[in-house]
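Shared between the two complexes below is subunit A, which pairs with subunit B and subunit C, respectively.
And then the complex of A and B:
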């Protein structure tokens, strides 16, 4: 009896810890997302030709590109992971001390990356080897060392929380059960599992493998750093995308896990696990680790069969999971009395953004298209669609959901519609300029467009207008959700004082 | 304690930033007086009437329409960086080849006092007089100023002498636009080759290609047969999945044992 009471006390303490943890990460997202996003605004304005006199050294464009990419990919991965943890925490018992340790280490890694921005570190978010070691005077050897330290710290931080998630799942479910294999047998599935547990299991397993790829990549880079001799750039490129592409995919899947668990709270319809969901997510686990080959179509030294694996794995991870999620989402809202709030609206539109960006991604993962689009702005177009209009919307939805849940306050319908209109028109207008640029062959990763790509300058100018709408939308979002966030903090302080 | 760690981390970050910035400045040789490529890249050159050292008159646009150009600014009495730069360029151009057919080197005097005769003497001293692909010219004063401003070139008289202080720079010009700016008197063969690739519109390699001796290769390729072979580096690509699978299995097995002990 006493053990039961202690267990209950422990569970309550962990639940309170989880609330604090989610609250902190929500706040971090509210601060860091606008700051890192502004670097993107700077980049588009630079490409529009408006800042070249003010900032004559294009090195700052590339440094901004590096921090914008690395910072936002890392932030979105981490914040969406917290959303997944929040969603899965009613079903498994997480030990928040490990999550806090990860958070502390993540903070150290982020600070190191920010320091490196001021050091001019600019090899791009994909930091393709051997570029970090061959800066031609653009950044120092110390900057490369700081970057390697940042990757090591972030790698350790994220392995810790992926392992903690896996441990928590393993403490309650067998591996086959967590992956939903009981649904594939005849008869009633026993035990039933919530969809978020299935997604969390897939994400944790794939996340651990991806982070191990980062470890191998880091070791190879350290071999270069300390021996001074080059290792095979093709191996390192494979490992970078093994880790990087998988991590970006996982960020989206974290958001989907949160969606499965939270959208039903607004629609009133339970989202249950079934055979299509189990097949789709097991397929994701099987194929997500090989889809990254589509980043290497242009590397002629890769054997041709690897390219075929990349193409079909890309189809295999995106189409089934997207179809079951889209159909599920639409069936949740179609002719249902959905409680539309900022949170539920952002979750819904984020899922649609994932689907739209996913179509562009599937096109780009097709060898015949990739041959034309690979080094054009089509690539930033598709990943900005499923990141900005996809997982960022879902994460903003998570933070809004959290703020409402913790503060008990909600926003006005007018404000909700205004924010959504600004984010949707601005967001899709912004990515449309990328798509048009890509379709017209405007190259990516150019601070200053060459004369052959003059169209890129015109489209960057139009894109900046749409970006301004996004900025306005985010500002209104910050004011609205920030108030709820503050009320939640005041409430928490008040209750701790009365305790 | 926590505050102390925070302060320590903050100071460490500031120290790292300063140390790294100084190292970078030292490595890059950053000098505010040096022309910056980013400031002028892809600018269209304004046209200018030029008088060659052999007396012929033509326009700058007519020259770049015929072939890509390497544009150099100098003056005939230069006792400083001009001659070393031209000698380096001559030496590198001879090694690389293609001068006169693929591109030409146009040396424009920025000194309005220079005459075609003085420039011809300057070209002779530099060992390139009437060499194929080399042109020395003066520009009309009205056209010279906008040209220098467009390319980011500056000069100032050195008091008490007939000399000018100015940077050494070579501009790659394709279809009238600046596609590359090389700054400094030293121009190595490798650097000239990269500029010429840029002039042709070819990709410029940023790092050496892998060799057969390189460690951790994942694939071998025989260019004669076109055959691929798997090498030891492939193990590195499989290792994360294999180690990850073991880690997942161990985690579930350990938790299961723990659950069984509890029951």
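And then the complex of A and C:
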């Protein structure tokens, strides 16, 4: 079937614009991910008590935490979105002009955020109103203004490319068709749609809704900024978590869309749309918008039924993930002669991080358990599991896939195994220390642990050992993929010179 | 369930998931009997049913155990007011900076075993009130938010000194924001 024109032709069939675009973002990811990750290394070493003399003011810990969190969430959202666009681009006609405008605006937003790091701006990645306006002297009103400008620019940037994706899908399919509803009727589904189109549609709709919530939040912040009067902090908290939760989840779903279309190239087995897949993703669209309530369980002022809706949605959303995507990934490769490369391996093991982090998330989304887990290190534990060992793996897989596909070069099996072993052992060791801390009541977002939380310091020290393994794994990855990247670039220049 | 029990539960499931992944991965080494479709999709229905049953049962069992007020009559009431970067405890509500300053020196005494109600609010940004028992175990928590009062009911098991740590990031001295109170065997002056 034409839809499943796979393999090396994929790259050939791409418009040159899309290729350049994916290329640029792959490169950006390779540069920014290690830099922002280093801020994390700095934080963990700070918590281990090793840097407090070198950097006596804990404000730098919190400024690093803010840039690390905002930067990596933004980067992983954007990079995984590009992976999704890449995967969906053979099926719909994207206008790269809009994608470039979004990219340019994103760059402006990122520059503003980096400037603000040096302003000591430190309200945390999800900033709780009114903290940005009431920093107790730690940063200036100008820093807060710059931040609001950054949020506005990034909001506009991302609405543009989400809308472009939705437009491109709508130009080819009616919305109900793109959501796969024709599969739920009797008879042959017509037209058939590739899974990545369904996922992209769900992501674009949820993404636009989440970004609209961010706009409303921004307006409320501006009301405070210009009138000086308080707006309702509980309303703003709902908006920020709705936005933040959805953005982080979308990053994973972008990666899954990419996985649906790319893993088959390595397993040789097509991944087709069917009723379970359609039901699953329509359910995801409903549930992803209400699961965020689990961030507000400890706001006892929030209506109680809302919290239980949150628990219900958080439990519910794990079912399509496990039954369709995780089981689907496993059956893709089960007893098949899979072509294991760095790309396909990272994608495969990345889904495991999603599963294991997801289990921890479901436990924490239980109101009764959240009473003792909320804002302990259990939270960074579970999200680093599905971010670092999950979607980052998949995105690293995407970049490796691009590099291999475009250069035709692959790494040695020994190098592949070394990189995977370092990332897996280092990654899981690192998050395990967060889990152990969280279950023992060590708070998250503490630059320095109090003397009676000595355990937090001990576990941070052990964690840095595992972090070192991750750093080594990432370095080897960079060298390996960097070489392929260079070869592909040289090849592209060679071919365009001979055109 | 104790947090360490939940940790153990997570660890067991995580190891199971890892075992499945490693097993499935190990079956991919065979050289090219691509025709041998031993699909795992036959596990879809059982997995679906198992998840619905387990999650449904957990939902029904845990919802009644949510920590929200259930109409208990408190044996003691303590007002906790947060402000960067300290907590004030008092027997009356605190709503101004001056009242906050006056209340700062007070350390509450509450009865063990009975219901203690903490009425929690903030004068500036979001904070969190998390209670740690004399052994450093996290007993429970609620958010402190300006303009709202969150009512936290706890039944303390052990007599001794309890510590309150701020569990919502509230600025660059968040990690030093703490307070404490005593839990004593008989009911005392706090009511």
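Assume the second predicted complex is superposed on the first by the 485 of 499 C-alpha atoms of A that agree within 3 Å, B and C clash if a C-alpha of one lies under 4 Å from a C-alpha of the other, contacts with A are read in each partner's own complex, and residues count from 1 in each chain.
Assume contacts are C-beta pairs under 8 Å (C-beta built on N, C-alpha and C of every residue); 3 or more make two chains touch, one makes a residue touch a chain.
If you're wondering where the values come from, they're calculated on a predicted model, not measured in any experiment.
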Fit or clash - subunit C, subunit B, common subunit A: clash
Touched partner set for A:72, first subunit B, second subunit C, both or neither: neither
Partner chain(s) touched by A:229 [first = subunit B, second = subunit C, both, neither]: first
Which of subunit B and subunit C A:122 touches, first, second, both or neither: second
First (subunit B), second (subunit C), both or neither touched by A:238: first
Which superposed partner A:221 touches (first subunit B, second subunit C, both, neither): neither
Touched partner set for A:448, first subunit B, second subunit C, both or neither: both
Touched partner set for A:205, first subunit B, second subunit C, both or neither: first
Winner by number of subunit A residues touched, once subunit B and subunit C are compared: C
Which of subunit B and subunit C A:134 touches, first, second, both or neither: both
Which of subunit B and subunit C A:142 touches, first, second, both or neither: first
Subunit B/subunit C common contact set on subunit A: 58-59, 130-131, 134-135, 138, 230, 232-234, 301, 447-450
Contact set on subunit C toward subunit A in their complex: 1, 3-4, 6-7, 9-11, 13-14, 17-18, 20-21, 24-25, 27-28, 30-34, 36, 38-41, 43-44, 47-48, 51-52, 55, 58-59, 62-63, 65-69, 84-85, 124-126, 128, 130, 132, 136-143, 145-152, 163, 165, 167-176, 178
Residues on subunit B engaged by subunit A in the complex (per definition of touch): 9, 13, 16-17, 19-21, 23-24, 27-29, 36, 38-39, 41-42, 44, 175, 177, 179, 206-208, 210, 214-219, 221, 228, 233, 236-237, 239-241, 243-245, 247-249, 251-252, 254-256, 258-259
Residues on subunit A engaged by subunit B in the complex (per definition of touch): 52, 56-59, 108, 111-112, 114-116, 118-120, 130-131, 134-135, 137-143, 146, 163, 166-167, 170-171, 174-175, 205, 208-210, 212-213, 215-216, 220, 223, 229-235, 238-239, 242, 289, 301-303, 447-451
Subunit A residues touching subunit C - in the complex, by the definition given at the top: 58-59, 62, 122-124, 128, 130-131, 134-136, 138, 230, 232-234, 237, 268, 276, 298-301, 304, 307-308, 311-312, 315-316, 318-319, 322-324, 327-328, 330-331, 333-338, 340, 348-349, 352, 355-356, 359-360, 362-363, 366-369, 371-376, 378, 435-436, 438-441, 443, 445-450, 452-453
